[in-house]
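The data blocks that follow each hold one structure.
Next come two complexes, and both contain chain A; in the first it sits with chain B, in the second with chain C.
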Partner chain A sequence: MFGKNRVTFAKFGSVILVSFVLVAGLAIPLSPSPQSWLEFPVIPGLEDKARNLFFHVPMSWTAVLAFFISAVYGIRYLRSRDIDFDLISVSAAGLGLLFSLLATVTGALWARFNWGAFWNWDPRQTSIFVLLLIYGAYFGLRSAIENEEKRGRLSAVYTILAGFTVPFFVFVLPRMMAGLHPGALGDDTGKGPLFETKMIAPNMRVLFYTSLVAFTLLFLWLLNMRVRAARLEYQQSLHRS
Partner chain B sequence: MKTLQSSYAVLLKDAQSELRTRYAVNALLMFVVTAAVIVQLAIRSEAPSPSVLSGLFWVVVFFAAMSGLSRTFVSEEERNTAMTLQLVASPTAVYFGKLFFNIVLTLILNAAITFLFTVVFPGFEVRQFETFVLTVVLGSLGLASASTILAAIVAKAGSKGTLYPVLAFPILIPLLMTAMKATTRALEGEPFGAASAEFQVLISYIMVITAGSYLLFDYVWKE
Partner chain C sequence: MVEFLNTNQLYIVLGVVLLIWSGIVVYLFRLDRKITELEKLMKKG
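Our next item is the complex of A and B:
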C-alpha cells in the first residue's frame, strides 16, 4: 500500500511520538500560574483530568479517519474490483473499531470522574456509539456473505453509505444539541470540539496536535501491518481452495 | 424521461403484485396494531410526556419499516425475477421504482401509526399541525430512501432477516434523532419556525442518502 520508506517513517515516527505524548502528557506538572513551557495551567474543575485531552480526542479523530479511509478504499474497490482495495478497506474498518473502542473507554472513564457517570448519552457519546454499531454491522454483513466478490461489493456499498451519514453525527448533530462535550449547543467557551478557547494554553495545544500526528502515524503503521497480514491470509485461502 | 417512465412501470408492477397478495401492507398494519397495543399495555395508566410519546412513535415506525420495507427486493430474489428485471429495466429505473413504492408504503404506514397513536394515547395530541405533517412526510422520505438501498443489499446477501435492522439502525439514527425532536416540538405546540433546524437536517439527510443510493445502486443490483 505505501512505499517501504513511508512505512519505516510511520513506524519510528509513531513509536517516538506516542511515547513522547504519553510521557509529556502525563508528567508535565500543573501550575496555577504557569511560568515556563514545561508547566500546564490548572483548568478549574478539570485539573489533572484535562490530560485526557491528549489521548481521548486523538483516538476519536483516528476512528473517524479510519472510517473515511475504509469508505475511500470501498469506492476504489467498486471502481476497479481489485481485491487488494477490499483488503485495505476491511483492515481500516477493523482498526476503526479498535480506535472507537479506545475512545469510548477513555471517554467513559473520564466521564465517570468528571460528569459522575460512565455514560450520559451526550450527543458525542451517542455518535461514537453509532460508529461502533456501524463497524459491528459492517462485519456482520461481511460474515453473512460467502462469495468474495459479492462480499467486497456489498460491504463496500455499505461502508460508503454509512460514510455519508457519519458527518451528520460527528460534525452536525453534536453542535445542534445540548450536551456535555465542548462545542455543544449553548456552550460559548469554544466553537468546536477541538476547542479554540483561552482555557487551552499554547503548550497544551502543541502537545495536542503532536498527539494527533502521533496517533495518525500509529494508525497508518498498524493499517500497513494488517493489510500485509490480510494479503497473506488471502493468498493462503487461494492455495487451499 | 424514459427512465422516469420505466421507473413508473416498475412502481406499477410492484403495486400490482402487492395488491394481489396484500402481504406487505397487511403485515405492516398488523405489526403496527400489535406494537401500539403492546406499548399501551406497558404504560397503561401513566401519562407519558410528549418526548416519550414521540420516541415511542418513531420506535414503532422504525421497527414496522424494518419488517415490511425489505419485501420489494427480497421478493424479487425469492421469485427469481431479479434477473428478468435486470434485463428489461435500467438499474436507475429499478431503484427509483422501488423507492417510490417504498415511499408510498411508508406514508401509508405513518398515517396508520398516527391514527392509532391519536386513538390509543390521550396524550398524543398534535398541537402544531404543520410541523407534525412536515416531519412525518420528511421522515417517511428519508426512511424509505435509506431502507430501499439497504433492502437491496440484504436481498443480495441472501435475505438474512435479522441483518436488516442491524444494518439500517446506524444509518437511520441521524434521521430518527432529528425526527423525534421535531415531533416533540409539534406535540408541545411550539411555533412552526422552531423546528427549522430539524427540517434542514432532514432535508439534507434525504438528499445525501438518495444521491448516494442512486450512485451506488448499480453496484448492488448488477451481479
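Our next item is the complex of A and C:
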C-alpha cells in the first residue's frame, strides 16, 4: 500500500489536482446560458454556492474511504496480529474523523444559507453526527486500554463493526428518509445526491470527479505520513521500555 | 490589475485560498522530510 512510487504519485498528484480544483472551482464564471466549457450554469437556489460541491462532498467521500481502510486493516490485524496493521488502522480512523468533521462543518455553513440554519437535524446531519460519536468512542476505547495486544484486538473488532455501519449512515439512511439534503426521499431535484441530477453540467461533473480523486490522493499522502509518524512513536516506546 | 480585481472580487478570494493552500503544501512537504530524517536516525540508532 505504501510503495515509494505510489506515495510520490499521491504527493505530487494531490498538490497539482487540488490546486487545479481550487482554481477551476472558484474562478470559472457562472452564466445563465453557458456557451463553453469555461462557464458553469446558474443553478437556481444555489448560484455561487454550487461551487461548494467541489469541496464539501469530497470531504465526506474521503471520510468513507478512510473508515473503510481502517476496517480492512482491522481485519488484517486480527488475522496476523502484526502491530503495523493496527497502526495503519488507527491512523486511517483518525483521518476519517478529521474529514467527517470537515464535512459536517462545511455542510453546516452551507446549510445556513440554503436551509436557513446551521443545524437542522436533517437525516444526513443526524447520521454523520452519529458517525462522529461512533469514531470518537473508538479513540476513547483505545486510550482506555494499556495492554498493546488487547488494545489492538478490541479496537480492530470495534473498527470493523463501525465500518459496517458507515455505508448505512452515509448511503442508505439519508436516502430512506425525507430530508433537506439532496438525495433524500421525495427529493424532486433528482434521484440521488446533487451531482447525479441533470442540474449539474458536464464540466461541473468532470471537475467534481477530479476533486474526488484530488482529495483521495491528498488523504493517501496524509495517511502515509501519519502511519510513518505512528511507527516512529511505536519504535520509540519500545526503546524506552 | 487592481481595477480588474475591484470588479471581479472572486479572484481576490481565489488568491487568498491559493496562498493558504500553498502554505499548507510547503508545511506538508517539510513535515514529510522531517519524518524521513527521523526514520533514518532511528535506523542508525
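We adopt the following convention: the second predicted complex is superposed on the first by the 237 of 241 C-alpha atoms of A that agree within 3 Å, B and C clash if a C-alpha of one lies under 4 Å from a C-alpha of the other, contacts with A are read in each partner's own complex, and residues count from 1 in each chain.
Operating definition for what follows: a contact is a pair of C-beta atoms (placed from the backbone, for glycine too) under 8 Å apart; a residue touches a chain by one contact, two chains touch by 3 or more.
Since this is a predicted model, take the numbers as computed values, not measurements.
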Which superposed partner A:Arg228 touches (first chain B, second chain C, both, neither): second
First, second, both or neither for A:Lys11, with chain B first and chain C second: second
Which superposed partner A:Leu141 touches (first chain B, second chain C, both, neither): first
Most chain A residues touched (candidates chain B, chain C): B
Chain B versus chain C as contact partner of A:Val21, first or second or both or neither: neither
Touched partner set for A:Tyr158, first chain B, second chain C, both or neither: first
Contacts of A:Leu98 with chain B and chain C, given as first, second, both or neither: neither
Contact residues common to both interfaces of chain A (with chain B and with chain C): none
List of chain C residues in touch with chain A within their complex: 10-11, 13-14, 17-18, 21, 25, 28-29, 31-32, 35, 38-39, 42
Residue numbers on chain A that touch chain C, as the complex places them: 11, 15, 18-19, 22-23, 26-27, 48, 221-222, 225, 228-229, 232, 235-236
Complex interface listing, chain B residues touching chain A: 149-150, 153, 156-158, 160, 163, 166-167, 169-171, 173-174, 177-178, 181, 197, 201, 205, 208-209, 212-213, 216, 219-220
Chain A to chain B touching residues, read off their complex: 78, 126, 130, 133-134, 136-137, 140-141, 144-145, 150, 153-154, 156-158, 160-162, 164-165, 168-169, 172-173, 176-177
